[in-house]
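Below is one structure, written out as structure tokens, with a few remarks after it.
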């Protein structure tokens, strides 16, 4: 876990700098501190949620329900506040709601072992659906200034949510690269079974990851509500795709085990400055979509050429890694009884 | 025998839901209601066939909605320019095939993960549509346009029959042809497939191309029912179709799944959606109920089959 | 294989360069117009009107750097972000159609605080102090009443009708529905709104929801109102395919171009709408008058000279009905009463 | 001697940085079982891959059936009748047995009756021919069962049947007995003899020397990419063979030293899990190596996993140093000082892309950290220490475990558990797929550990290993302890009799 940058991270830095230069040429406003700082307000929400998402994807999982969870927890907060609860207790309960929603994802994934993509595809609908149902679709507004500062205020000239994001990046990076659980997350992504056979509580870590994802999504939901000054069930619609795009652009492999937070942060920044700079350069939104899709493809194409540790590349030259190990012992009758173990099929 | 558990579960759920609706809602058991449900399911099912094949092969395609919109708008434009309908249909198929082949080439030969490729094409194609049409719908369309979509045969519209034929043909393709079996092999264990001389890259390429072709077909079944082509066509289609495939019992990680399961999944989702209207369930709770329904269905199936002892992870 | 990386970067750079917009004009007034989304003929019509006005003003020696841009699909977050980005360019005025009345308040306020004249059109923001003027195409009350009146005229005063709306959270939609309910309560007590369903502004969903309604209430439904342009043609289509064309009243909000065929066939006898070209046209004049100081917030008895439209009165207060109950609109410029497009007059309009 | 079926001359293959094969000659005649032996890295796999068309030689020629050939792809080799049965199974878990027999070579028939090219899978023909082959082998195959339901032995049968269905003239078997029990292995050998009598040429690769003497006719020894010797099996002895392979003389493969067994460390009383284990009781003493024999499915691995907490606890009690232990999960077992070296090294034992040091610290990571923060310095110290103690041959502690040879990988697995300083070490097939040199080292390590008081439970399907290493042997049959033999009493025959329920 060195500070040394990976190949793909260098590609991203190159991309960030070169697009920065081009955008600065296209718009005189782009390269001003005020503009860039302002842009980070938008980066912060996506960037925060992308932190646990990176870890989840490293562990070979995915959480598609984050944006819905943002809406749900903001809605819970808004409804309680509307019914007379003071704002900060309401925020606390909202965050707890999101954390519980994340925990529920984790519980079904880790304990019932429904694939994460299926669980969170369903809760994507469920969480937003509950938010819509509870509110009847109408927004709640009129929050006190103290709360709105979370989304619109500044600390020493830097937007509040950017400060929170930076703190989140530091905490997440330290966690992922320096702690035992961070190490285990990579291990789970590479070979969950080996971790189980090393006496590591894989289920608990997975549960923790999705719970953390719920917590951070709830936090981002609060920031979102504070920024737009309203709690609404259609809040942050479609954010999950932006978040996953940023993580993937950052070089995290959906096959698990590979990925860094540096990459994710760079991915978020690139998407942010592209959107910001292209809008300033008066490029129509439809064309921005085309361009961002192309950048994503082009970047991921260059990753394939990255010099990797030798044997890993030797294994993965031909095809994506086997999604499921297929070994004889898997069907060994003894193994079918092993809890938490490799019986793949009905 | 191949396992039919999930199919039976869905048939039971469908029977219960439709049975209840038929008993309580006289208008539900009406032939026209059933015909509309089948028709609305037909094009989703055809996209679902392609998606099933892609997922069985161990891949995913989330660009289907955007591809459908592209096919719809371009064929509409062609029809307006006076191109005869048979050629328009052919154009839709070829256009779908071409876009699918592009996805396929990027996945199979440039080896970019399919979710990334199709995420990119989803965005790029949708952006291109708005850029090109500036939001103007394609209309008016010539009189021949709606022939395919609205002609009835034995009381059912043509799209239903074509959809059934496609389900049947795809079932045969998957179950009984060499190419079909190679798709399962490639999705089940790609390395072993290569060792057995299966050109997995070729299979992957053609799977995406076929999916594109089916989207082209689905486009024709869908938009020829209407007298205009709207730019918003296909929005969110990928979500609906992937849900149907998963509900239909196809393993999201590849290697197993049936087209029949997917068809039943599509029917179940279509009937559920109509049921909300028929039962007068508040539309604001719509999404929550549908989501919970999927979660419960899939979880129950996994618990039922003991699959829940699988390792965690999705890919 | 570094060349591959170099290639990717070069490609990206080339694309970026190629896409650069035209250089900003010098010393012109900067007016930015941000619709809900650019992918709709309705908004394209407002753009057309706006450009007409810009050209007229130019003819009178007022140089305007005009930009029409917005999200590619209806997306609140993208719209907020775009407005925020565009405000950084310090335009003289921005003209916004809000995807979300509430969520756009902060960004509108921010623009206003930065000294930019903020005009809303088509869809207002929830807080009138967040903008200078709202160019109103016709109040919810007027539009809702017009729709219900069409149903009453064509299906009778005890008609049973349903609504196919867009999204349960759409403020405009909900407000029109509220206004419809109000009209029914006040003028047609025997009429009944039996069901409200949502097509999420997706064509296929709108179509199947319309079919479900028709199938469920077979013979017991006299009319369907679709106050959204995506759903209206699909509702008409559903009625035709159920063999109910002309037997069930279909009406709603849409443009003459989009509905021309249905109106000519008679499936839809009346489409209600204002003139979006005029709406965009008026918005530019209002923006210009606000910049020059001809229009001042809060002052009673003002008016704006709007070229070919003549004079429009600026109203300090206007009562309306919304999804959240009665509301007094402040600082409004009303385009006029909603217009009914029928077989007789539809060919006179091209938008 | 009959004419060669397959003749390789002067085969050379170079990979970046390595000369994998250096002018190797090899000949296989029809109806011969030809063993290919050598340590890991000797070049066996490369040679097989060249024969089967996975790799192309840089120099040298291959004659097959008397004519020079090149196989550009595995498919080309398979089409000419050369089949490989890989160590790692190459079957499709989702597909049925019938289908697995034919994947890649389906009998075809036209889509419609007279439509020319065959695109349709001819299930009828498939079924008929599969039944013929099964009958000729004298085995029963449930053709409609999905392969993931089959046992290891059944899966191997599928592979052999598949080779025969493709009219294989040459069958290459890479460590075929790895996952098999003694009994299944015996059945495999009789099958191999049957194939031989049909004129099939078999290239047989195994680290288990006794098998080579049992089944092979000739052998070729490779070392460092060169052919050392090729001769009939009858002309050599075990010791000579090891000498050829290792290039030096090994003292002994089974270094058993006389030890005093101390007081019981692990006491198992009446252990049972639903269906798989019934009333299992035994004790394991300090410094004792207790062998555990039994057929696959007899409950050996389940027993190990129940003690280690991976199989949920059922009835019975487990005591450690006389204290009742409730082992609800593997983490608890680890805390209590139980270590488990699992049977599948690569899948269960290692995180292959992780470095050697990351693998070595996996189990004790929490101990190497404060407040959850890893102390990288002490992690490195521990790793260096284990690498030195176990003589793990690796370019450095930072290289991925995947780059190591099988034997050294196994030492990493053992090492990561030794770092945890366990009281009880359970080793499940510790030397499977490990070459003879590393095997001897692992055995020496076991003796040494036992000598220092560690209690070891050794599970092995290789009876010579059990007999050579254990102080005592316990035999399981159908989830029960069928009997126990002291080191002096135990013989292969007695163990097999107990394991099969005859005794």
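Each chain gets a letter, A, B, C and D, in the order it is written, and its residues are counted from 1.
Rule of thumb we're sticking to: a residue touches a chain if its C-beta (ideal position, glycine included) is under 8 Å from a C-beta of that chain, and two chains touch if they have at least 3 such contacts.
Here the structure is a predicted model, which is why all the values come from computation and not from measurement.
Q: Would you kindly say which chain has the C-alpha centre located farthest from the C-alpha centre of chain C?
A: D
Q: Where's the contact count highest, between which chains?
A: Chains joined by the most C-beta contact pairs: A-B.
Q: Counting only Cα atoms for the centres, state how far chain A is from chain C in Å.
A: 34
Q: Take the average of all CA coordinates in chain C, do the same for chain D, and state the distance between these two points in whole angstrom.
A: 71
Q: Nearest whole angstrom, what separates the Cα centre of chain A from the Cα centre of chain D?
A: Comparing mean C-alpha positions, chain D is 41 Å from chain A.
Q: Between chain A and chain B, what's the gap in Å when you average each chain's C-alpha atoms?
A: A distance of 28 Å separates the two centres.
Q: Give the residues of chain C touching no fewer than two other chains, as numbers and ranges.
A: 38-39, 72, 168
Q: Using the touch rule from the top of the page, what residues of chain B touch 2 or more other chains?
A: Each of 126-127, 129-131, 189, 191-192, 194, 256, 284, 286 in chain B touches at least two other chains.
Q: Could you pull out the residues of chain D that touch at least 2 other chains?
A: As it turns out, chain D has residues touching two or more other chains at 89, 91-94.
Q: Touching pairs of chains, which are they?
A: Applying the touch criterion to every chain pair yields A-B, A-C, A-D, B-C, B-D.
Q: Under the definition above, what is the set of chain A residues touching chain D in their complex?
A: Residues 174, 178-181, 183-184, 186-187, 190-191, 193-201, 257, 309-312, 315, 324-335, 337-341, 344-345 of chain A touch chain D in their complex.
Q: Name, in rising order, each residue of chain D that touches chain A in their complex.
A: 88-89, 91-94, 146-152, 155-156, 179, 273-276, 296-297, 299-302, 305, 308-312, 329-335, 340, 342-344, 347-354, 358, 362-363, 365-366, 369, 372-374, 400, 402-403, 416
Q: Please output the residues of chain A touching chain B within their complex, sorted ascending.
A: Listed in rising order, the residues of chain A that touch chain B are 59-62, 108-110, 112-119, 121-130, 132-133, 136-137, 188-189, 192-193, 202-203, 206, 241, 244-245, 248, 253-256, 284-290, 292-294, 296-297, 300-301, 304, 318-320, 322-324, 326, 338-346.
Q: In their complex, what parts of chain C are in touch with chain A?
A: For chain C paired with chain A, touching residues are 1, 4-5, 8-9, 11-13, 15-17, 19-22, 38-39, 67, 69-72, 75-78, 80-82, 84-86, 88-89, 100-107, 110, 126, 167-171, 174, 323-324.
Q: Under the touch definition given earlier, write down the residues of chain C that touch chain B in their complex.
A: 37-44, 72-73, 168, 195-198, 200-204, 207-209, 211-213, 215-218, 230, 233-234, 237, 241-242, 258, 260-262
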